[in-house]
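Below, chain A partners chain B and then partners chain C, in two separate complexes.
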Partner chain A sequence: MTDPQHGVPAGPDGRPLAAAGPDGGAPTSGAAGDTGDWWGTDEVSVWYGKVLALDRVTFRAAPGQVSAVVGGDGAGRTTLLRCLAGALAASDGTIRRPAARRIGYLPAGSGTYPDLTVAENLAFRAAVYRVRDPARRTTEYLERAGLSAARERLAGRLSGGMRQKLGVIAAMLHQPALLVLDEPTTGVDPVSRVELWSLIARAAADGAAVVLATSYLDEAARAARVLALDAGRELATGTPEEIVASMPGTVRVLAKRPEGDAARRAWRRNARWQVWAPDDPAGGPAGGVAGPAVAGGELVRPDLQDAVTVAALVRELAMTGGQP
Partner chain B sequence: MSGAEPGATPAVHSTGSAPGGALAECVGVTRRFGQFVAVDGVGLSLHGGEVVGLLGANGAGKTTLIRMLLGLLPVSAGEVRLFGEPPSRRTRQRIGYVPQGLGLYDDLTAAENLAFSAAVFGGGTDRALPAALRPYGHRLVGALPLGVQRRVAFAEALAHRPDLLILDEPTSGVDPLARARLWETVGEAAAAGAGVLVTTHYMDEAGECGRLVIMADGRVVAQGTAAQITGSARVTVVETDAWASAFGALEAAGLPAALVGGALRVRDAAPQDVRRALSGIEARVSEAPTTLEERFFQLTSSTTSHTEDMG
Partner chain C sequence: MWAMIVKEFRQLRRDRRTLAMMIVMPVILLIVFGYAASFDVSTIPTAVAGPQASAVVLRAPFDVLHRNPAGGATWARAQLRDGKAAVAVVTGSSAAVLIDGSQLFTARAALAALANAQRQAGPQAAPAAGAPSPKVTILYNPGLKTADIMIPGLAGVILVFVGTMITSLGVVRERQTGTLEQLAVMPLRPRDVFLGKVVPYFAVGAVDLAIVIAAGVAIFGVPFRGSLGVFALGALLFLFVTLGLGILISSVSENQGQAIQLAFMITLPQVLLSGLIFPLSSIAIGVRWISYLLPLTYFNQISRGVMLRAEPIGPLWEPFVFLALLGLVVVTLATLRFRSYLAPAGPRQGRGGPASAIAAAPAEPAHAAGPREAR
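On to the complex of A and B.
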């Protein structure tokens, strides 16, 4: 990268579009420089006052791959993504990220200027990041996103899905080495979601390490790597296959909600009931939770959704006293 | 869901398929806004005990249809019947509704929100929160986590034991375990005899619905079970170590591919066409059944789609 250094502009939310480290955004860890074999965090913790938002989280995002961070409200996804994007400093641990000008960041729920048109939003980004041949790239991305006809519309007057697509284009316009997208598809309709994924795949195909946060596991299952967070801590991590393979115990599917103790290990899926049982039918602990095996039902081959749900369940049972 | 309370409307247990037994019925329902036709001749019926998923892109007409069902918006043409009569304040009392924005008062506590809604819907003034929500009862709704707010909104919509439950994107942004719990509540209401109409953007949740209705451009373009809607449609799957080059080659050939894990999935293209487009890139090309999401995209992204009734 030979782009000259530039000032860091403020995003629509007042935060820096891409914050720079003291040396212009070189990795804050002592690891090898801008070689780009991975970006991510190593044992990163973040405190907001007395609240531990992120608890020793390690995360790797590889170039040319899509990595997903999943979890619900308050899980720590946004905190982790802000660390990666350089918008937030870690209280502890190390963050490895490229120079600020090589990061693209879409914050949750914003990322575009409502009072600018679609074309103006992109022209501004292109100018800030000194994009080469901006007209060609803007046209290409707008077409890919299905936004060509909306060039002259104010971003503030777009539908939710269109605004998210614009935000993603704006974040990837300068072909960043690390593309950080906070919930690009939440509340977005299925057609726009397919278009968003096409943009995301384009960025990865161009060599970016793409990190996206989502609350949907069918979406995470499409990623090469997944990190599931819960209350600031890692719940599960790896490729979707690895997460499924490392799930303790077994899952059965029942037509009706089970009775008694098993009810606490059951959840609804596809109008039926999935019930998790620890490995050992004799009641040995799996994941620190003991319980008798579930009788009846049909053993299922768990998928990512089952595995992450089980991990959350195991933690919930351990916290509330899993012993019946 | 046990023990009748004074004033509670008994749940309807009829699951008969006779049109007269429908809780909600739309016949040729149309709504225009000026020149724009938001809902165009929609036919739909919903019976007790049934969970029907209403799917569609933004602007497909789902929310307009729901507003007509609730009696918030008059029809331009056609007919809406609820419990055998036109929508009115009376029919509204038998409906539980969770809007996208949840419809709670942020400045009231969870318990106050429930008490307010109980007063509006009649039948008691001091309804207790479900046990799981009691710890939050005296906190302002605006300060509660989103997942808890959703459960409060569900509790509020269910408190008057509605015969018909209408949920507009009830699980947006909720973690998987919390989402499973919300669907439990929906399933319990249906098992007790209520009819449920639910919109969602997530095809994963279509499995919770006995029947799906897919809308595009104001019209119903498909309805039936998920299996009926996906039918025998196939996609072409490309597995390769060089996915980025394959992605570019397919796109250049006008065959946009979706990235799923390490594989590419191509809609509307036969394996031989895909192989030709890959022009020498080493890859395993096979066919697989289409997913509901892929089928949905086909049905709704083509403006010339014809109505397909598979139910």
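On to the complex of A and C.
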């Protein structure tokens, strides 16, 4: 990262926008906000016709860190990433991003030309972004991605994982300040996923603010910051630890699906059932022998996946009137 | 099988464009080409020169548009060369009839009408005119060869196919591979992308044209009498319009199939209505206005004028100006369409819908201006 402060606009009051956010105390300011050095969105809404795809979403990505955007289908991940990358304008709110030549973007799909070879695809990127010493850089990134042998192959002939890797190195070839990756690891085998993650981590280590969308919460847990979206709204945000810590109630593991009211708060994970119990209304810790609504089972330490699932569950219960 | 039929109809119903193509197109084609498809020439624009120019009365199909008692054979030839008349009559001591052979069907009609008139007038004709029977000369295409008039026009048709058909796939392909999104975020101006898309096809089209013309001259003996520069300028303008059309089609099509359909709908009328096959003057006026919207109409005029009649650029100003205008319109439209893809203009907002409600009531007006880009 040459100059993280370069070109960062200030808020209306002259101070960096991070400090001027209306939600000053919200966890969204976090590490990125401390220095005023971040890229991201501020209360951004996006309408597709009459459909609200993003509802006042605030998101910050700090240089040198990987930030993950998670959520189900239609949650608004791709919309948020397109806004960040500059492919879509917001209907309302502010987007802070570097100039186009300092953004790297992997759209859903790999964004590479199937009828060009791997080397030709990278040569096109290098020329558009005016990469210095393109031959050396290309060779270096091909090696990092383990694609050196596939140099002269048509991108359309690559396997899914290889094509994703090509898309990712094409997006980071010009060492962007903001690297936006839409589902880089979806549909990719476990080995390629590991390789992709090492590429991504390295880009962050080189100073890029990396934003990636993923549907794998175990992956998101490796990110420095996580934003969980649900139907265009923020569901949870913060570091993975903060999100887990802010989870209300407790999670237990059961061998079979619970019955009655608890069934609405249960979900399947691996071969067993997890069930969530809200905080004991009496004020005592929800731990102890048994939660108010769940009998038996083993109390587990929730992870990010549990916390995000619970957050979605709480919202759903609130909407259907099942809120405790 | 029934399930298959129902499924097929459902898919067909979703694809409005194909449905329109199947039902509306045949009707339109029938009407348009029914009126256009005519080799009959009912009027022949004629110029009369020489001492008795004012006195000459010609019967239909000859329609005297220009008279010049002071002019002679030179003036008469110029009228034909510049496309102002298809037949020129020179009166006086060296009476002559000049016919423009580059207008094949008109020339044939003129010859037939002359023969007819002579047969009807009989032996009295010559003394009445007070001169020997006029000498009939066919200029520019004395053999009245079809190849001579077809090849200059065919070059245009080939360019239409290469330009419109192939270029129309360009942007659509980017959209289908998902790379258009990638282009949108790259540090490229819409103009760069547009020109970058067009230039390669432009080069290929130009080479193509050179090959077709060279082959026409070498193999079919088609003359190239005029200025190469004027021809090249016309071809340049024409290619520009054609490629612009291709990009425009591409930008309004969802997939390659639709692009091909649209390109076909634009290409076919050009072949039939541009004057390439049927003389423009024979096309019913209700349909002929379409001809004047087609770039090939103007390219035909330029290529035939330059190649066969050595027409200079001056009298050709009309086709040049119209081609330039067409090019301006097409390229502007295409660039605008392009811009809406490449510059993030934002999602379409519902009219009076919730979007404008949000925009109208911003908590912080300074923030409501949309995306801000740091430089």
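The rule is short, and it goes like this: the second predicted complex is superposed on the first by the 274 of 324 C-alpha atoms of A that agree within 3 Å, B and C clash if a C-alpha of one lies under 4 Å from a C-alpha of the other, contacts with A are read in each partner's own complex, and residues count from 1 in each chain.
Here is the rule we go by: a residue touches a chain if its C-beta (ideal position, glycine included) is under 8 Å from a C-beta of that chain, and two chains touch if they have at least 3 such contacts.
Here the structure is a predicted model, which means the values were calculated and not measured.
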For this session: Identify whether chain B and chain C fit side by side or clash on chain A in the overlaid structures.
Result: fit
For this session: Pick one for A:48: touches chain B only (first), chain C only (second), both, or neither.
Result: second
Problem set entry | Which superposed partner A:75 touches (first chain B, second chain C, both, neither) | first
For this session: Applying the touch criterion given at the start, work out whether A:90 contacts chain B, chain C, both or neither, answering first, second, both or neither.
Result: second
Exercise. Regarding the shared-chain residue A:99, is it in contact with chain B (first), chain C (second), both, or neither?
Worked result: second
Exercise. Of the two partner chains, chain B (first) and chain C (second), which one does A:246 touch, if any: first, second, both, or neither?
Worked result: neither
Exercise. So, A:305: does it touch chain B (first), chain C (second), both, or neither?
Worked result: first
Exercise. Looking at the overlay, does A:114 come into contact with chain B only (first), chain C only (second), both, or neither?
Worked result: second
Exercise. Does the superposition put A:148 against chain B (first), chain C (second), both, or neither?
Worked result: neither
For this session: State the minimum pairwise Cα distance, in Å, between chain B and chain C in the overlaid complexes.
Result: 6
Seminar exercise, completed: Both chain B and chain C touch chain A at residues none
For this session: Going by the contact rule at the top, pick out the chain C residues touching chain A in the complex.
Result: 177-179, 181-182, 184-188, 344-350, 353-355, 358-359, 362-364, 366-368, 370-375
Seminar exercise, completed: Seen from chain A, its contact residues with chain C in the complex are 6-9, 12, 22, 42-43, 45-50, 52-53, 82-83, 85-101, 103, 105, 107-114, 128-129
Seminar exercise, completed: Given the complex, residues on chain B that touch chain A span 51, 55-60, 145-147, 169, 172-178, 180-181, 183-184, 187, 201-204, 207-210, 243-244, 247-248, 256-262, 293, 296-297, 300-301
Exercise. Residues of chain A touching chain B in their complex?
Worked result: 64, 66, 70-75, 159-161, 183, 186-194, 197-198, 200-202, 204-207, 215-218, 221-224, 230, 240, 257, 267-271, 305, 308-309, 312-313, 316
